[in-house]
Amino acid sequence: MENSVNSPNKEVQDTDVHRQSMRINRGIDEAYALAERDGFALLDVAIDERKLREMLDNDSCGAFVSFEGRVRNHNNATSVERLSYYGYEALAINQGRQIIEEAKQKFDITHAVAIHRIGALEIGDIAVWIGVVSAHRYPAFDACRWLLDTIKADIPVWKQEYYGDESSKWLRNNG
Amino acid sequence: MENSVNSPNKEVQDTDVHRQSMRINRGIDEAYALAERDGFALLDVAIDERKLREMLDNDSCGAFVSFEGRVRNHNNATSVERLSYYGYEALAINQGRQIIEEAKQKFDITHAVAIHRIGALEIGDIAVWIGVVSAHRYPAFDACRWLLDTIKADIPVWKQEYYGDESSKWLRNNG
Amino acid sequence: MNVNDKQKTITKDITVLYFADLADEANCHEEKVSISQSTSLNELYEHLNARHHFSRPQSELRVAVNDYFVKWTEIINDGDQVVFIVPVAGG
Amino acid sequence: MNVNDKQKTITKDITVLYFADLADEANCHEEKVSISQSTSLNELYEHLNARHHFSRPQSELRVAVNDYFVKWTEIINDGDQVVFIVPVAGG
């Protein structure tokens, strides 16, 4: 992927053509309301895990499994300073709704909620949050893992890593 | 398991012989310090999830998977009012420490913490909390699930369900 | 029949959005494109590829119309919003 | 050699803790037991079973000595704390 390494100058230009993909078109409250209704939303500010957990409170559920994808300080051997996520919000919302529905059909779960954050993230920030509740434990694990894999494969979000010298690189998912 | 159903009168007596198994012998802070040091502790008050998450903050980790076992309002078709967990704390601590060590050897994870609560729990309360962090996502899922299965199989904690008529029953794990 | 009506009968006006690598290569996020009635999604990509010299062949891409993934055989309608989707990398 | 010394040479004083079903059946959480030098863990369980009429055979139990799981073949020492563990049910 040599040709995907951008020079510092190129980055300024990139920021411009990607600016609209770093923000969501709805308000924060609207995004959470969407997550509550459809089980999926994009967000362009820090993810409030407590709000999402509240959506999953259910007295009939004995199992709650959650996944948080956090920005790592390295990718393979390279030190990472920060990361930007870019999203195609309208498609992501439509696709996310379908993925949550499919998870509920495939697995014996009660409910699932997932949020992907876009914009500039720092090391340790949560990029993606997935929570699943079910009566018994295995379906919650299976569904959470499947949701993560499917979100990584099908939700139109892309990321660029920035390094110490302000160079950057488009990333491919490598787990 | 007909013979494990206790009459209301029997329950009063039970409470007596089990009283020492419903409390931990150390203070709450001590229990959290133990969880931080060894990765495992018993607790006899509500589990503070935030304290446990803080133990797992690590900039090199891209994946955080957690499991919460919550008290359900039913078991199979029977409505449950509340649940009591009884623990053999000293053995649980020793066994828990070994299980966390084994998880770190078996899976490519950075750290794991688990807490089991004992005492009287209400519907919705968290009975067990497990959190795992790793650089990549699959080992965190695998380790969290393995830890749950192993805790359920090997940690000396027992539970009794109470029903509307104050009768109770010792439970076997059924997932 | 005025000139505008005549135009409508022979072309479709669509919007194309670009994300990630494609936005860098097209050097824009969005462009308006007029295509002939019979243009397929494959042909649209080849047309835009000739203009922007994308680094990816169509075989590596998916395509979305009006905010849903569609097959490459989907018919383009006037006013559609078309997006070519390079492999995603969220999570 | 006084009476106490003589006692020590022929018996071991241990503590047995009971949890769950076994505590119900023994109707106590803890008891002190004196056993002969040669008593094995199996024999200890059979001895206590004769007294308390436990509903579980030894084959369903595990055993812990001094807060660690041990094999049934482990030797009991004077002052040990022994616990028979019925199938656990946490989580």
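Should a chain be cited, it is by its letter among A, B, C and D, assigned in written order, with residues numbered from 1 in that chain.
In the analysis below, a contact is a pair of C-beta atoms (placed from the backbone, for glycine too) under 8 Å apart; a residue touches a chain by one contact, two chains touch by 3 or more.
Worth saying up front: this structure is predicted, and the values here are computed from it rather than measured.
With centres defined by CA atoms alone, the chain at the far end from chain C is D. Computed centre separation for the pair chain B/chain C is 54 angstrom, with centres defined by C-alpha atoms. Here the CA centre of chain A is 26 Å from the CA centre of chain C. In whole angstrom, the spacing between the mean C-alpha positions of chain C and chain D is 78.
For chain B, residues that reach two or more other chains under the stated contact definition are 69, 137, 148. Looking at chain D, residues 91 sit in touch with two or more other chains. Of all possible chain pairings, those that touch are A-B, A-C, B-D.
Within the complex formed with chain B, the residues of chain A that make contact are 57, 59-74, 123-124, 135-138, 140-141, 144-145, 148, 175. Residues 17-21, 23-24, 26-30, 55, 64, 67-69, 83, 85-91 of chain D touch chain B in their complex.
The touching residues of chain B, when paired with chain D in their complex, are 3-4, 6, 10, 13-14, 17-21, 69, 85-88, 90-91, 93-95, 116, 127-128, 148, 151-159, 170-173.
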